[in-house]
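Sharing a structure below in C-alpha cells format, with a few things to ask.
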Amino acid sequence: MAIAGPITYYGTLPQVPPDWPGGFWGHWGTFVGIILVFVLTLVMGFIWVERRGIARFQARVGPNRVGPFGLLQPVADAIKVLLKEDIIPASGDKVVHWLAPVVAFVPVLLIFAVVPFWDGALLADLNIGILYVVAVSSLTTIGIFMAGWGSNNKYSLLGAMRAIAQVVSYEIPLVLSLVAVVLLAGSLSLNDIVRAQNIPFILLQPLGFFIFFLAACAEINRTPFDLLEAESEIVAGFHTEYSGMKFALFYLVEYAEAVAISAIIATLFLSGWRGPLLPPFLWFLLKVFAVFFLIFWVRSTIPRLRVDQVMAFAWKFLLPLAFLNLLITGVQVIVWQGVLPWPVIFVNLAIMVVLIVGWSSFFRLGGGRVEV
Amino acid sequence: MTGVDIAFWILAVVSVVAAVLVVAVRDVFRAALSLILCLLAAAGIYITLSADFVAAVQVLIYVGAISILIILAVVLTRDVQRGSLTNRLKVPAIIVALLFFGAGAYAVLNTPWQVARKAPIEPTTGALAGRLFGEGGYLLSIEIAAVLLLAAIIGAIVLVREK
Amino acid sequence: MEVTEKSGFYVYSDVELDKNEGIQIEALKTASQNSIPDPDRWLDEETQRNILLTSLDAILNWARRSSLWPVVCFPACCAFELIATAASRFDISRFGMEVIRASPRQADVMITAGTLTWKMAPNVRRIYEQMAEPKWVIAMGACAISGGTFAQSYSVVPGYNRIIPVDVYIPGCPPRPEALLHGIRMLHNKIAKQSIKQEAGK
Amino acid sequence: MVLKAEPFVVNLGPVHPSTHGVFRLRATLDGEVVVNIEPVIGYLHRGIEKLAEGRTYTQNIPFTDRLDYLASMSNNLAYCLAVEKLAGITVPERGDYLRVIMAELQRLASHLIAVGAFLNDCGAFMTPILYMLREREKILDHFEMVSGQRLTYAYMRIGGVSQDIPEEFLPALGKFVAGMPGYIDEYDGLIKENEIFLARTKGVGILPKDLAINISASGPVLRASGVKWDIRKADPYSVYDRFEFDIPTGTAGDCYDRYRVRVEEMRQSVRILQQAMAQIPKGKVRTEIPLTFRPPVGEAYGHVEAPKGELGFYLVSDGSIAPYRFHCRAPSLINLTALRDMMIGWKVADAIIIFGSIDICMGEVDR
Amino acid sequence: MTVALSGKEIAARLAKQFPGSIIEATGNTILVKADSLPEVAAFLKNAPDLSFDYLVSLTAVDYWDYFEVVYRLTSIPRNHSLVLKVRCQGRANLHLPSVTGLWRGADFQEREVYDLFGIAFDGHPNMKRIFMWEGFQGHPLRRDYL
C-alpha cells in the first residue's frame, strides 16, 4: 500500500517505509491500540452522553445511580451484556448468525484507520482516504443482512431488507457530496483535506454538509432513518434474535458507526484537528462531540419516515441536490480560483437556502396506498 | 519471503477456496457470502500490487453494490437452502467453463508480463486519471459506457413500471 | 400459506391455526395447575465462598443489578403505572432501566404488569423462555400475584407463578410507582446475594 | 409487469411494542405492503361480564374501573348512569357537577396518552409521550386528591360520588386548567407542522364517512370522518346541557384528522372544566342509598361519550341485588372493525400508525 | 336529546309492511320474529323517515327458556333510537340470521355473542370464537355455565 507523502509526527516514531506492511510494526501497533482505545472509550462515553442527554430532552434525569453522575452505567451495561447467555436460534443459519456481528463490526473499526487525530497522526494516510472510508463502510450492511438472514426471524429479515435498500440508496448522494469536498481540497487523503481547510468546508459547502449529514444518518441508521430497528414496527429489527456478546457487538456497531461518522464529518467539514489555542486532539474531540450531539438531538426530536419515503427522499431529493451541488462547486473551483472566500461563503449559503427551499416546495414526501 | 509475499499467499488461498465454495455450497445465501469473500480477497491482492485505488473501487463496487444486488436476488429465490436442483444443463455448462478456463490460461501464459521492481510512491489516483481522461485516453468510451448504462436503467424502469 | 380466498372482501385465515393454538393453551392449562415454587434457594443455602469468587460475584452482581433491562410485556392496567414509573416523575432510567427492550433476547427482567389469561399464558411463557439467562421476573399487581379481582374468572390464570417462576411480588391494584420502585430495589438486593456458583449448579 | 413477492404472514403481537396491550394482528405482507390482516383478540378476556353477575350493583363499580383503565372515571359514570336509570335514582346537583369535572379531566388524561402513544408509534423516540405523561401526572394528582387512587378510582357511586372534594381541590384544579391550554399549544406546536409527521399521517388510513357510520365507529374516530356525533350533545346526560362547547370534526378521516380531533377535544374539555368550576353549587354529593339494593325488574342502557367513543352499559335486572345481565358496549372493540378497511394496501409502518390512531384499550376490547 | 321512538307505532307500521313479523312491542322496544329479522332490519335502515344507520350495540341475554338478542339502533341524521329484540328458543344448536350485511359494526359483536352464548349467526363471514380459544368447552355467559 502506497503512502502519500512524508508523514510528520509529533512523537519520535520513524517514517513508514513504502513496502508496508512488510516492516514497521511499531507504527501499526501503536495506532491500532490508539484506535481501539479511542473507539471503545468514545462509544462508552457517547452512550452515557446520549442516555443522559436524551433524558434531559425528555424532561427526565437519566442514569445517575451507578458511579458519579451515572458515569459507570455503560460499564455495568457492558459487563452485564457480555456475560449474558448467548442464544442461537435453532432454525437459523448458525454460521451466518455467528459471523454477522463480526462482519458488521470490523469495517467500522477499519474506518478509523484513515481518520487523522491530529496532523499526520493516523494509522495510514492513504491517498485514497475518502474512497476507502466509503468502500469500507458499505461492508457493514452485509453484516447486518447476515444477521437478519441467519436469525430466521421475519422481523429480522424485514429489518435486513430495509437496511440493504436504504444503504444502497444513500451511498450515492453520500459519495456525490463527498466529491464536492474533494474538488475543493484537491486530494482524497483525509489529512490533506484537513490541511486544505483554512476555513471549515461547512462554510464553503453548506449544501454538501447538509446532504452528507442526512445521508450519513441514513447510512448509520439513526432517526429519522432508523427503519431497520424501528422498535414500534418490527420489534428490534435485524438484531431481534441476538443476545449476550453478539448483541453487545451490534450495540457497539451502532455507536461506533455514529462515532465514525461524527469523526468523518468533523474531518471533512469542520476542519478536523485544526483550531486555535487548544491542542489539536482536543479540537478534534470537541468537533466529533458536536456532530454526535446533533445526531442524537435529531433522534430525540423527529418522528420516523416510512420505508418508501426514505427511498424517495434519497432519490428524488438528496440525489438531484447532490448533483447540483457538485456542478456548482465545480464551476466555483474553476471560476473563482483565488477569490477571497467570504463572498463565496455567502453565495453558497444563499444557493443552499434557495435550493433546499425551492426543491422541497415541489417535492412531497408522498407515497400512499397500494392496490392489492 | 517478504510481508507482501505472505499476504499474497494468504489472500490467494482464501480467494481460491472462496471461489470453490461459491460453486460447491448448496445454500445459495452462503454461496453469495463466499463470493463476497472472494471479491474481498481480490481487493486484498490489488493492495499487495500497490493498486490501492483499484482495491478501493473493487470493495466499493463489487462488495458494496454488486454483492448486495446478488443478495437481493437470493432473497427472491424460492428454495434457498438447497439451491437449484435442475441440472439439465450440466454438460454444456462444463464445456463452457472449460472453454473459459482454456482461454484464460492461454491469455495468462502468453502475455508478456512486466513486473515493476518498485512500488509507486506518488499517488496513483492522479496517474490513473491521466491515463483514463487525459491525452490519448478513453474519455469517449467511458462516456459511451455511461450513456449505455443510463439507457439500461431507464429501460429497466420502463419495464417494471405499472401501467 | 394460511390465507384462503373466501367470499370477496373477507379473507380470513384457517380455523386449523386457531385450533392448534387452542390445543397448546389447553395443554398448558392442564400442565400448570400448581404454582412453581419461588426461586429463593439462596435464602437457606450455606454461604461458603472464597475471596476470589466473592469479589467476582460482587462485580458481576453490581453490573447485573445496575443495568436491568425490562422486556415489553404489558398486558393490562398495571402497564400504565409501569409507564408512569418510566416517565419523568419517577424515572426508572435512574437505575439504568429505561432501555425497555422489545426483543426478549436482550432483556433481563420481566415486569409482568397485568392480568394473565389462559389464552395469553403460552405467549408469556414463550417470552420468558426466549429471555437469555440470567433473568428475573417481577410480578406486579394483584392479578399477577393471584389473579386478584378476577381470580374466580373462567379465563384468568391465578398468578404468574403458575407459568413462570417469580422473584419479587408487588401487591396493589395497581401498585403505585413508589411500590414498583421498592420492588425493583428488592430485586436489586436479591441479585446482590446471588453467586455464580449457584448458576453453575442450576 | 407487476413485481410481486411471495406473501408471508407476520404476527404483530400479542406482545409487540406498539400494540397498546395484548392485541395481535395476523398480517399477511407482500414485501412491506399489508395485503391482508386479521385481528386476533381475547388475550385479556377476563370475564368481567360473567363476574359482574355475581356481585351487587355497588360491588361492580371497581370492575368498570378495570375495563378502560385509561378512563376509569368515564366508565364509572356510564355504569352509574345505567344503574340510576334502572333504579330511578336521582343525583344531587353538586354530584353531577363533580362527575362532569372528573369525566372531563379523565378525557384530558386519556387523550394525552392517546396522542402521546400515537406519536410514539410514528417513531418519535419516546419524547412526546414523556411530555404528555408529565401533564397526566398532574391530572392523576387531582384524582388522587379525591379518591386516593392513581388509576382505578371507583370514585363515583350510585347516586352521586363517593365523597365531597377536599377544600384544596378546586384551587388546584383552577391552576391546572389555567395552564393546560398552554401545554396543549406546546405539544401541538412541536409536532403539528412537522413535515415528517404530516407525510406519515396525512391521507393515511382513510375511513370514509359512510363506512365510519356503517361499522358503528364512535368517538374521535367517527368525528374525524366528518360526522358531528357526540353523545354529550346528541343525548346529553348528567349536566352536560349546561355547558357550551364545540364538537371538533375532521374532514378526511385520516390519521392526521384523528390526531387533530383529539387535540381539539382537549381544548374543549378545558372549556367545559372552566365552566363547571364556575358553576358548581354547594350541597350534597350523593343520594343516600343502601349498599345493597334491589332495583325493579327491567332493563336500562346508560351511555356516555367516553374518550374513546360511545361507552354504554346495558343492565338487566331480575329484582335481585345483582345484575342479571351486565353488558358493556365497548367503543374500542367496535372501532376495531374498521381495521381491515383502513390498513389493507398500506405499509407495515402505516398499519402501526393507523392502529395507534384508533386509540384502543385492550381492557375494554376484551373485557 | 335522542328521541326514543315508540315501539308500538313502529310495530304497527312494520306489521303492515311485513305481516306476522312482530311478536310484541313495549316502550322503546319491538320484538321481532327471527325469520323476518333481515327484512325488518333492512326496512328500518332504509326507510327514509327512520334511517337507522347506526347499530349502537348488539348483545344477548340468557333467560333460561330462550335467548334474547338485543339490537340497539340509532339514527344519526334524525337522532332517534329504537331497540330491536329477537328470541332464540332452546339451548342447543341456535341460529339467527346475521345483520353484518346491513351494519358491518355487528361483525365483532356477533362473534362475541357466538363465543359467549353459543348463538351462531348465519351469513356472518367469519363465524368463529373471538375471545376464547378454539376448543374451549362451553359458552361462559350462559347462566348454566359456572
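Chains here go by letter, A, B, C, D and E, matching the order in which they are written, and residues are numbered from 1 within each.
Keep in mind that, in the parts below, a residue touches a chain if its C-beta (ideal position, glycine included) is under 8 Å from a C-beta of that chain, and two chains touch if they have at least 3 such contacts.
Note that the structure is a prediction, hence the values are computed from the model and not measured.
Student: For subunit A and subunit E, which third chains touch each of them?
Tutor: C, D
Student: Name the chain pair with more contacting C-beta pairs, choosing from C-E and A-C.
Tutor: Higher contact count goes to A-C.
Student: By mean C-alpha coordinates, which chain is most distant from subunit B?
Tutor: E
Student: What whole-Å value do you get for the distance between subunit B and subunit C if each is reduced to the mean of its CA atoms?
Tutor: Taking the mean C-alpha position of each chain, the two centres sit 51 Å apart.
Student: Taking each chain's centre as the mean of its CA atoms, how far is subunit D from subunit E in angstrom?
Tutor: So the centre of subunit D lies 25 Å away from the centre of subunit E.
Student: Report, in whole Å, the distance between the mean C-alpha point of subunit A and the mean C-alpha point of subunit D.
Tutor: 44
Student: With centres defined as the mean C-alpha position, give me the subunit C-subunit D separation in Å.
Tutor: For subunit C versus subunit D, the centre distance works out to 28 Å.
Student: Which residue numbers or ranges of subunit C touch two or more of the other chains?
Tutor: 12, 87-88, 102, 119, 154-155 - these are the residues of subunit C that touch more than one other chain.
Student: Multi-chain contacts in subunit A: which residues touch at least two other chains?
Tutor: 58-60, 161, 231, 235
Student: Would you pick out the residues of subunit D that each touch at least 2 other chains?
Tutor: Within subunit D, residues 16-17, 42, 45, 47, 50, 130, 134 contact more than one other chain.
Student: Which subunit C residues qualify as touching subunit D in the complex?
Tutor: 1-3, 9, 11-13, 72-77, 79-81, 83-84, 87-89, 102, 114-115, 117, 119-120, 123-124, 127, 149-150, 152-156, 173-174, 176-177
Student: Enumerate the contact residues on subunit C facing subunit A in the complex.
Tutor: 59-60, 62-64, 66-67, 87-88, 91, 93-96, 98, 101-103, 105-106, 108, 130, 132-134
Student: Using the touch rule from the top, collect the residues of subunit E that touch subunit C in their complex.
Tutor: Spelled out, the residues of subunit E in touch with subunit C are 125-126, 128-129, 131-136, 140, 145.
Student: List the residues on subunit C that touch subunit E in their complex, please.
Tutor: Within the complex, subunit C contacts subunit E at residues 6-7, 10, 12, 15, 18-19, 21-23, 25-26, 118-119, 154-155.
Student: Which subunit D residues qualify as touching subunit A in the complex?
Tutor: Within the complex, subunit D contacts subunit A at residues 8, 10, 16-18, 29-35, 119-127, 130-131, 134, 191, 194-197, 199-200, 203-204, 344-350, 352.
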